[in-house]
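One chain, chain A, links the two complexes that follow: it is found with chain B in the first and with chain C in the second.
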Partner chain A sequence: MKKINWLVVIAGAVVGIAAVVLTLLGNPANMGFCIACFLRDIAGGVGLHSAAKVQYIRPEIIGLVLGAFVMALVKGEFRAKGGSSPATRFVLGMVVMIGALVFLGCPLRMVIRLGGGDLNALVGMVGFALGILVGIFFLKKGFSLKRSYTLGNAEGGILPAVLTGLFILAIAVPTLFKASEAGPGSMHAPIIAAFAIALVVGALAQRSRLCMVGGLRDTFMFQDLKLLYGFVAIFVLVLIGNLVQGKFKLGFESQPIAHSAHLWNILGMFLVGWGSVLLGGCPLRQLILAGEGNGDSAVSVFGMIAGAAISHNFGLAGAADAVNEAGEYVVGGIGTAGKVAVVICILVLLAISLLNVQKKEKNA
Partner chain B sequence: MSGYIATFHTHLAALLTSRSLSERGVKAQMMPVPRALSSSCGTCVRYEAEEPCFDAMDEDVECVYAIGGTDTYTLLLEKE
Partner chain C sequence: MIDARGFSCPMPMAMVQKEVKKNAPAELVVLVDDKCAVENVSRFGKNSGYEVTVAQEGEEYRLTLKK
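Moving on to the complex of A and B:
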């Protein structure tokens, strides 16, 4: 058995370079790529929430899905399938997004933040790993959302089609959509550059099966480090990119679009890790699987978009650390509603985990 | 003795098949599905046996392959 899959390493390296380049071209700091943040921006762009600073139709999401879609078609790997507990997956997508926005980033941005020296991401990674371990515990107990079935090609093409339509409308009639004038949503790379880079990343992610959750899951479950090397490659390339530009800043305080409320960083990523193991992959992976025809993953993505809307409509998302008018450093984090939501989401994951331990395993 | 890989529609089916094979004394190991076999990221069972042991497979088995050289697999069974 090969110990290193170089395609995964190359895909990780390209993602790392892409993240650095996209930040240079205008994306927010330590946010060259972030699936959770960008889905949240799209949710805001189409008016599902009204947080004025995070509204923009991110071409990166569309490019990732279409890159995977085209690559899957070219390689004969496009398979329309679905029917594996779609409603449950929608809820899991929501929970993963709520957790990610408490932390302020998906697992991919967690690695990118680490490459920028943000130690809050290291704290988040502790929660992420713990969440994955809990998910694995339930997998070993017999957790299953049951199998998917082959469906018509039209079903498999739903997310690529919806996003293509959205992209055409966003370019042809931009006034249809909301676009931030300040904050992270207002900071973005040129549309065509962002789309083209994401197409390449999406295609490579499809070939390599790059997955942030899969890296740790396979390491813990099978001592198989192949996917983890992709994770490491992203970190190394982003780290080099930041060091070369003099942007590397090690510490907890004043990190870009991040907070240092440690408990909530841990618990936010705990939700992401646990929920993603139950879904079978991280938010990036869900986009890629949806691109290659997996309707269950498309439903998970729709759930994430709904989760982003819920996060901002009910004030659950984390607020970044900031310096107030008196010049004092104010630790951000989440408010009471966010804290209650995190507890509820943990209970939801527990219920979903317990209720989907299949009987034939319980009796085994 | 030959090497085989069975792929499944669910992780649970892989887990149950791995146990079933082990109970009959077959050396079986769960692992990620090789990329050459699938673009999905599911779990497969790799095992060494005299024959492919189709009767030990869970009902959610997808395919069974005989392992040849590096990244060479011969499809023996495919179930929708």
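Moving on to the complex of A and C:
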């Protein structure tokens, strides 16, 4: 029997506990952590989009990156590198974010939603797994974004530095930024608590290489379950947390900040799975890698922020199911623009996948 | 020899998997420059029945997989 990697189990468990605690402290339900949602909130906070309900400088994102940054420095793993198709990675980051906001969550939130009993997340996971399988197909065909190269330390410190500056400004001059007065953006844990918890999670994620995409990818591709243990640990701890609090609610309807438009949940997460395999990791992993000095991952994160702005400026993001004034349950989902965007994003991923298959590998 | 320097995960592991499946070499040297790649290739090698030794050379690593 293969050995269980306990570090990744512990990291997953801590992420699960952190998600439950952050929700108790004020974050939205089933959204203790959500990399896509929180990057979207930051995009709104700095005025890149004007969706009034999702604007807030989320300290969790800053804490995750800085936690990974400090841990990488301490462990001698900080290394500035980049140059592996950065423009392509920017576009991939955008596509992953558009897909995540169609579903209403990144892979991490998908697992957290599952732990809350939201079966729409299970539907999303079908699309996520299918997307990962398509990504693996192209990896096996020889897909590569080419090598990265060692760069100056200043390049590797860009995202940690930018986020540190943002954090200082958000605390010192909060009026500089937009902050939601209603909706998910208005619901948040106290700044210092959220930042401190995220620091710990970021450090642990750096040590364990925790990655939501990697869990399924490595299981399918290498029969390597290491990262999957982290994925499962998050689910189990969130499930226990919800059961203990009586918040576990199994079903499709009336789930917090979720819709039950199944096809679009599948396709949204299909984009996230496929795009993340091409990027080499999920949105959480991109943050952690950027903290370790990876400039390519920092570019991916900037792409995700741009993707969030595009999603909300062009009305592509999903709307949660809701009850209307007549008391009828209305299934949310995405509008026509969102549907067109999903199709375009699939074509973009296909083009990127095909154009980056290395001929030498192909004929080998 | 597989030169996986500059490639991020899962590429180094995928390159090794491809070589092992194709040629089943008794010995394989893999160059990487990323600690995560060291861990992943080592784990893959051990799970595939190889003994794995790692030598650090500056910021790079030389992994030798032997049957």
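Rule of thumb we're sticking to: the second predicted complex is superposed on the first by the 362 of 364 C-alpha atoms of A that agree within 3 Å, B and C clash if a C-alpha of one lies under 4 Å from a C-alpha of the other, contacts with A are read in each partner's own complex, and residues count from 1 in each chain.
In this text, a residue touches a chain if its C-beta (ideal position, glycine included) is under 8 Å from a C-beta of that chain, and two chains touch if they have at least 3 such contacts.
Not measured: the values here are computed from a predicted model.
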First, second, both or neither for A:Gln358, with chain B first and chain C second: first
First, second, both or neither for A:Arg58, with chain B first and chain C second: neither
Contacts of A:Ser148 with chain B and chain C, given as first, second, both or neither: both
Chain touching more of chain A, residue-wise (chain B, chain C): B
First, second, both or neither for A:Lys226, with chain B first and chain C second: both
Which superposed partner A:His49 touches (first chain B, second chain C, both, neither): neither
Those residues of chain A which chain B touches in one complex and chain C touches in the other: 77, 84, 139-140, 144, 146-148, 150, 209, 214, 218, 221-222, 224, 226, 280-281, 289, 364
In the complex, chain A residues that touch chain B: 5, 7, 72, 75, 77, 84, 139-140, 142-148, 150, 206, 208-209, 211, 214, 218, 221-222, 224, 226-227, 280-281, 285, 289, 292, 358, 360-361, 364
Chain A partner contacts - residues on chain B that touch it in the complex: 9-13, 15-16, 19, 30-32, 35, 39-42, 60, 80
For the chain C and chain A complex, residues of the former touching the latter: 5-11, 13-14, 17-18, 22, 33-36, 39-40, 43-44, 47, 59
Residues of chain A that touch chain C when the two form their complex: 2, 77, 79, 81, 84, 139-140, 144, 146-150, 209, 214, 217-218, 221-224, 226, 280-281, 289, 294, 296, 364
